[in-house]
Amino acid sequence: MKLNFANDRLLAVMAHPDDAELLCAGTLARAKADGAAIGIAVMCSGDKGIGSTPQADLARVRQEEAAAAAEVLGAQLFWLGAGDGELFDSYEMRKKLIEIFRRFRPTLVIAHALEDYHPDHRAASQLAEAASWFCAARGHVTDSPAADAPPALWFADTINMCGFEPQIYVDISGHLPVKERMLALHRSQLGRSGDADFAPLAELMRRQCAARGAQAGVAAAEAFRPHHAFKRIGAY
Amino acid sequence: MKLNFANDRLLAVMAHPDDAELLCAGTLARAKADGAAIGIAVMCSGDKGIGSTPQADLARVRQEEAAAAAEVLGAQLFWLGAGDGELFDSYEMRKKLIEIFRRFRPTLVIAHALEDYHPDHRAASQLAEAASWFCAARGHVTDSPAADAPPALWFADTINMCGFEPQIYVDISGHLPVKERMLALHRSQLGRSGDADFAPLAELMRRQCAARGAQAGVAAAEAFRPHHAFKRIGAY
Amino acid sequence: MKLNFANDRLLAVMAHPDDAELLCAGTLARAKADGAAIGIAVMCSGDKGIGSTPQADLARVRQEEAAAAAEVLGAQLFWLGAGDGELFDSYEMRKKLIEIFRRFRPTLVIAHALEDYHPDHRAASQLAEAASWFCAARGHVTDSPAADAPPALWFADTINMCGFEPQIYVDISGHLPVKERMLALHRSQLGRSGDADFAPLAELMRRQCAARGAQAGVAAAEAFRPHHAFKRIGAY
Amino acid sequence: MKLNFANDRLLAVMAHPDDAELLCAGTLARAKADGAAIGIAVMCSGDKGIGSTPQADLARVRQEEAAAAAEVLGAQLFWLGAGDGELFDSYEMRKKLIEIFRRFRPTLVIAHALEDYHPDHRAASQLAEAASWFCAARGHVTDSPAADAPPALWFADTINMCGFEPQIYVDISGHLPVKERMLALHRSQLGRSGDADFAPLAELMRRQCAARGAQAGVAAAEAFRPHHAFKRIGAY
Amino acid sequence: MKLNFANDRLLAVMAHPDDAELLCAGTLARAKADGAAIGIAVMCSGDKGIGSTPQADLARVRQEEAAAAAEVLGAQLFWLGAGDGELFDSYEMRKKLIEIFRRFRPTLVIAHALEDYHPDHRAASQLAEAASWFCAARGHVTDSPAADAPPALWFADTINMCGFEPQIYVDISGHLPVKERMLALHRSQLGRSGDADFAPLAELMRRQCAARGAQAGVAAAEAFRPHHAFKRIGAY
Amino acid sequence: MKLNFANDRLLAVMAHPDDAELLCAGTLARAKADGAAIGIAVMCSGDKGIGSTPQADLARVRQEEAAAAAEVLGAQLFWLGAGDGELFDSYEMRKKLIEIFRRFRPTLVIAHALEDYHPDHRAASQLAEAASWFCAARGHVTDSPAADAPPALWFADTINMCGFEPQIYVDISGHLPVKERMLALHRSQLGRSGDADFAPLAELMRRQCAARGAQAGVAAAEAFRPHHAFKRIGAY
């Protein structure tokens, strides 16, 4: 069985500038190769992802890194700009994200898992979930007209696979190089390998793709769980 | 085994003006027939449930529709008036709902499922859960005196049964007509059948009652899951 | 909310002669008081429940104890006679139990939890589940004609509440004395209080009823989980 | 996202002659249209599926009905011939099914859910699970050589959706007619509509496909849950 | 198997002044006896835990009671001072708790269960979870330097064991007296035994430790569930 | 927190001769270093674990390999000798294993997960579970006297971590070399690296220990889930 994304528009709603690279860029790359349109919405600016050597103007640096990575993929980048650790579900943030959904018009949204280890990831996930419903409700007025229908929504794996039970594995064996190239562009983060709050990212990402691949009998995979909610479940 | 609600006071805490009709009005009708007192608290005004033909003063229209439907049932209606999509758990909203609990003094509260598909439903559920505990704590001062004990609390089914695992089925075979009559009074919503963000409600409701009934071997049923929390679990 | 069992026929399918007393006799007593007919099917003879002082002819003694306890309740006793530890799901045992179901014609079957701690309990549960379906299938021929429909089925709590998530609590506050009187008749087992493989039963039973009661706000309760399977789910 | 089955070989391992029609024939038909090879293994002969008007030689009649339905689909039919209600996991039955796996060489096996309502379904599921592993282990010698690798395995929905949590929905909107035509060929069963142990099958099937479709936003769907076990998880 | 806490620093993050006594003080006492350092952070002031006889200046009284109890244990007390019922997850409260984590530097944090019955407990749990991650992220600046690594985190049992599935039991048989002595110091609460919103605390606590002990074969135990999240899982 | 196994007797009940090496030998080695007594019971002879180059007398070869590996650990080896793929729960096999439990007298049994991917693993797990209860019941007579109490029981991780939710992680960072040395002695299996039904074992084992370690913040770990059943739950 092979999923085909040719007629899809995928929007990854991630908390930090490098989260898409870690958790779903292989799937985005595969969908792109099928002919899908790709968007990445980054909720937080990454301003507090500082290493032992502080960096001036970190949010701006990270936005540039994210833009470069998005370009590798051919993805549209949306930047929400919340402060790290300060992202919460609110009507104001919902409306910002609803407007992005209405402009990009995704058929499939990829969000963090609601039970993810990072508070920002969980808040981003709640906002993506809310926007996936409200984007098609015309009563919530933003600049763009309401979507025709809510998109399907998948929750992405957690870092190190902690506490996540996958339901769908996407074979990304042929797309690992793109994912690696994208991650390599986040230089401000890769330089933090000696930091206590930071794992060696590239290695961690490769090992996780290999582990998920081994579970499903392919060289590399990314794992997801569809959101089993009214109109957000896709039928494949 | 037959549940008898003769000595009960049921309070449905629902997000929008027609949610009780969709998810629990059959059970309310049956309890009413047993002799129970019935209340419905509507958290949001339904002001954004607009169809393709906009309607002036929608919140007022919907409050009148809800009042008419409550009258069919012989239920007391409480109107909280939050904006659609803008309902969040807060101490201010908690206190408003605590006061309603203290005035109505429910023995059984019916709330949306915490994992429901709609952000407003989930916020309403969190508020109902909080009020079900605090209503009996005299330290939280409102106009009315504290309740003697927290009420039992049941979570209602989700629309289209997505992701909901029922634990209790209530046979509403004889009470479907009341439920249908109540729903028919929400004319502002039934007129939205062509809208992308809106299913044909009456048909959807009937099909769900039939599907839950088929699972339990009766003509029509509504499904619930008791809240397994200290003093909110009922013993039947 | 109060369950009424007036029109019911309850059949407890238990592994050993004193399991009904420990896990569901309060509910049986309450249903009896409502006017229900009560049956108890004991799958194993209890022949290996020997204490430090061996007892001759233990299976016969225990059958007499079980009969005396059933008499207290006014219940019909069915004795399947399998050896302790030697009970497995098989077509032969299924047919024996199907015939009992067809003779007693239960509307509600109470079985051990499928995840219970004791291998005999789990086998008894599998057999009760199988019989609850096959009793209404006329292709499975036994002495009595097929039942009109499968009965509802509830799984009972586990000893010490280990690993069991209740979904329904039955208030047995007024029926604890019957339960205690029944258990007291199992003298061969109560005498084993010093045995390593045996807890002080009467005390354990009282504590569990009190703990389940405390969770649900009553003096004493028994806990169950309905079987969520086609035609075995009841609507109350 | 659309699943493509062009390079697949699907084998449905079902308990009774009409179970594939009820639970997965839409998916089989869609895969067939993609170019996949289809097989159906029926574990039990259906000999006890008798209605109020007994039928001579029922197992033979049902095998002919199943063969006719398989022909509509263009599927290969395997007939295991166990007695209804007498199917259990055993090494003898495992070897029979292993040999069928080795001859058909499926890439995707569809089995009943392990928690299905019918004891035969559960036994068939255990056997399919065992064969999905052992078919690729050359130490288990049968007539045909071992498979190169275990196939992926999906568990099918339960009748009336009782207690089943779907993880994958397959859109069968265009393939419902084939499913209906196949089911209509099981005349011995459709004639049983007045029987207590038998629901009106065609109607039940249509309603379930519509309900699963409504959850996922399409006209008709079938629901599955992948087996999350070593080498039986597929990556799509 | 015996857990040894000799090299640990345990920090209990509890909602109200007597929650540690009820849910984890036995484990704290045992760790203390092993040589561990112990801290207790109380998020709410307990200002609304008033009984039928109102008490002036309740928050101050309760802080003194908590301080006396902490002294029995030899624990450091941290007082966050939020109003009862008014505790919510916010960046401001996160930063206060992050600073406490950075000063105490726990290796193991004990928090309320995320599914606990009390809204304040759940908010305290969310804050403890957030702080357990952010305390080691230097981008979140507070007075003290960032921790070297996130601590492990365990969720504590719920009152009356409602809806909690333990994963780890700690044998506190020898430490029940300390727990009882600590609880006895909360005189403002023990005097509320006749209140509708208040159970007889000392008795409830003893019964729960006995019930958890009985499940695990010891005289008294406390139950926990590790947080299965990146870097918060401990390896023992 | 550090687990100490000094006063323990660990018995691993595994299906095949190399399963202990793959899933729990690091924990056994650590317990041994603490001073615990170690036993390994192998249920199946491994007679069907043949590679592309058949090997005469495979069961005998594998028993010798297992004995050599057990010697590295200083463990007592018990050999049950069932045929691969032919292991089922039966009273006969239960009694054999009960007798081994009574001779070895474990305080902690490590069994395969009940939901493991391999049918033999699941059967071995059922038998270990049954023996863990019956070993202390004197009514089940074998050569040795009944145990004083049932042992605690932990379920081990699955190969490739498929579908397993750990509850306890044991840090085996210092004991990986012993585990590797033991596995290296299973030469008949390591030679099968080119076989379709066989992963490169040593590599797979190392990767899994590293992945579990990464989740818990140590170099290498093994993951377990305690059996939450009456008298088989341990308090640490």
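Which chain is which? They are A, B, C, D, E and F, in the order written, and residues in each are numbered from 1.
We adopt the following convention: a contact is a pair of C-beta atoms (placed from the backbone, for glycine too) under 8 Å apart; a residue touches a chain by one contact, two chains touch by 3 or more.
These figures come from a predicted structure and were not determined experimentally.
Participant: Identify, among B-C, A-F or B-E, the interface equivalent of A-E, where equivalent means over half of the contact pairs coincide by residue number.
Facilitator: Repeated interface of A-E: B-E.
Participant: Could you tell me which pair, B-C or A-F, is linked by more C-beta pairs in contact?
Facilitator: By number of C-beta pairs in contact, B-C is the larger.
Participant: CA centre of subunit C versus CA centre of subunit F: separation in Å?
Facilitator: 35
Participant: From the C-alpha centre of subunit B to that of subunit D, how far is it in Å?
Facilitator: Result: the chain centres lie 40 Å from each other.
Participant: Would you please write down the residue numbers of subunit D that are in contact with two or more other chains?
Facilitator: Each of 149, 160, 162-163, 165, 215, 228, 230-231, 233 in subunit D touches at least two other chains.
Participant: What is the complete set of touching chain pairs?
Facilitator: Taking the chains two at a time, the touching pairs are A-B, A-D, A-E, A-F, B-C, B-D, B-E, C-D, C-E, C-F, D-F, E-F.
Participant: Which subunit A residues qualify as touching subunit E in the complex?
Facilitator: Interface residues on the subunit A side: 47-50, 52, 83-86, 88, 116-119, 158-160, 162-163, 195-197.
Participant: Show which residues of subunit D lie in contact with subunit A when the two form their complex.
Facilitator: Result: residues 1-8, 108, 149, 152, 165-171, 213, 215-218, 221, 225-226, 228, 230-231, 233-236 of subunit D touch subunit A.
Participant: Residues of subunit C touching subunit D in their complex?
Facilitator: Touch list, subunit C to subunit D: 89-91, 94, 129-130, 133-134, 136-140, 146-150, 228-233.
Participant: Which bits of subunit C are touching subunit E when the two form their complex?
Facilitator: Subunit C reaches subunit E through residues 160-163, 165, 199, 204, 207, 210-211, 214-215.
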